[in-house]
Amino acid sequence: MAWKDLLVERRSKETLNALLFFSLALLLVFQFALGPDRERLAAVLPGLLWLGFILSGVLGLGRSFLVERENDCWEGLLLTPGDKSAIYLGKLAGSLALMLVVEALVLALFVLFFNVDLGPALPGLALVIVLGTLGVAAVGTLFAAMTAQVRARELLFPVLLLPVLVPVLLGTVKVTEALLLREPLAGVAHWLKLLVAADVVYLTIGLLTFDVILEG
Amino acid sequence: MVAAESLIRVAGLARVFGAQRVLDGVDLDVAAGEAVALLGPNGAGKTTLLKIVATLLRPTRGRATVAGHDCVREAEAVRALLGVIAHGTHVYEDLTARENLVFWARLAGRPADRPTLAGALADVDLERHADARVRTFSAGMRRRLALARLGLAQPRVLLLDEPFAGLDQRARKWLEGRLEAFKADGGALLMATHSFGRELGIADRIAILAGGRVALDTPRAGLGAEDVQRLYVAHTEDGS
Amino acid sequence: MSTALGWLAAVGLAAGLVMGFGVAPREVTQGNVQRIMYLHVPAVWVAYLAFAVGVAGSIAYLAGRRPGADRLAHAACEVGTVFLGVNIATGAIWGKPTWGTWWTWDARLTSVAVVFVMFVAYLLLRQAIEDRERAARYAAVLSIVAALNIPLVHFSVYWWRTLHQPPSLLKPGSSTMPPEIVAALLVNFAALALLGAYFVTRRARLLAAEEEALA
């Protein structure tokens, strides 16, 4: 499933290109909105970074089930015998890979544009990005499947997703903040545990309820 | 009415969409080795009936079973026996013909080795286009690719919604041959169609859906296209 | 049964008023303003109770697919959202004279606001889907996600920021409140719970009538 989605994406490059340019535009907007004051920028950087990740994630995830609508493939998925949670995991893996690629590039752009020195924070940052993105993708994949067949889809999807993501957003921002200030990870261990808990909860619900969503 | 085992059994089936009562107590059996053609005007519920048997929709009332498995409670067991050709071809535009077959075969846990795939593609005359993207295919080629997918699955029960739409003479003939062979192997076939002509040749019985019910269920043998036309008009347009 | 619940709720509310304005003492520092607590605090308890019923209904629906379970879930989540709205509104009215502001981003305010938005989204989702059966399935899944997310929201927001006085009744150690206040809170809780139950039964019946009219 993930293989298929990534192959389709490699062929069309639709989503990846759009997301990259969207992120680039976001960076510019952030810069204009905040002005050149470097101090202020440093203080809000973790929040901005995750806002960028989540917004581009929302855009990308919202499209992830569009490909299943062409030629009624959705119906084909449902008709295929076997465990539907495999489809969920495949979709999730495909979206996760795409989001991580975009996030890595956005991070590089942040370093470039805002002159941040990541250096030793990088391994910790990678950890929190994977944990946070997994949570976003896990619940996002479920909701994207839900809203794919609904009118006002592009409105409803973020309305459903964003409030649910509050814990993930808070956790990732706090950990990123600590990392950029070179604080030890032990100080934010409770946040990391919260992120893991969120990932586990979202993944479990996704696996258990995906067949209910797919049903039609 | 037929002594053979009933592979598809539909009893008292009703389905309501919002304020609309599409099916209102449908009873229909299809035995092993038998083909039934569903006729009826647009909106009579042919597609809805097929979707319920295909486990894509839940009935509001009544039940449908395939080989004794309930289409709601034992949907997975039903899906393992089914082959479906619906309006959508279930192919991805940005994948090649071969990749499409590989994807669906693997998803269903079926083998997808090269010779099997090549055979399936050759069957529908697509071997020369195996590595071309579906985006470049004509409507007929897409239908044929969908048929190739069906060929890989080896179902016991076929549900076909307008199976001959968009096929050229050659593909049509091939499909007819495949359906006859499928029947001879003891498969059950339920097919929705608008045609009164030669497509009905495959059918052993004709069922006309009107007013949410089966208005007529009759053996086809001995009925010509005009007879079917006459029956159709009598049962759909005189207010039944 | 619904009518009986309605009368019980009316009696309960009358008793609650007597308790809140008569029996409970005037608070020393805040004065009479503090009496809004007898609506504010029970409202949030009833809201969470309603969400619990809603999730139970949702799970029951997914398991058995009986429309009755879905109607219960729908009604309970709707009533819970209304009660949470009452809680937020009374909180703002209480906050203005005591904290000097309608709203602050303190932990409990924020987490209640997030929960409120999640369940408003639930109602929006229901509204956006025409097919009743599909709306029921999707909404059930959403309510399960929202409910399991509540603890995560609470912890994260609590760690993020906290200003609020500690939870008033269920906190470790002995309660510091005089027994009259506790009694007034509990009577009002019972009254609002009865009122909530009455609303849920009426709403569920209305939903059933709607479905029948459409079928």
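Letters A, B and C name the chains as they come in the text, with residue numbers starting at 1 for each one.
Going forward, a residue touches a chain if its C-beta (ideal position, glycine included) is under 8 Å from a C-beta of that chain, and two chains touch if they have at least 3 such contacts.
Computed from a predicted model, the values in this text were never measured in an experiment.
The innermost chain, defined by the distance from its C-alpha mean to the mean of all protein C-alpha atoms, is A.
Taking the mean of C-alpha positions as each chain's centre, the chain lying farthest from the centre of chain C is B. Spacing of chain A relative to chain C, judged by their CA centroids, is 31 angstrom.
Chain centres here are Cα means. That of chain B falls 50 Å from that of chain C.
Each chain gets one centre point, the mean of its Cα atoms, and the points for chain A and chain B are 40 Å apart. Of all residues in chain B, those touching 2 or more other chains are 58, listed in ascending order.
Residues of chain A in contact with at least two other chains: 215-216.
Note for the complex: chain C touches chain B at residues 65, 130-133, 214-215.
Touching chain B in their complex are the following residues of chain A: 1, 3-4, 7-8, 11-12, 67, 70-73, 75-82, 86-87, 215-216.
Touching chain C in their complex are the following residues of chain B: 16-19, 21, 58. On the chain A side of its complex with chain C, the touching residues are 139, 142-143, 146, 149-152, 156, 159-160, 163-164, 166-167, 170-171, 174, 190-191, 194, 197-198, 201-202, 205, 209, 212-213, 215-216.
Only residues 54-58, 76, 79-80, 82, 84, 86-95, 99, 103-104, 107-109, 133, 142 of chain B touch chain A when the two sit together in their complex.
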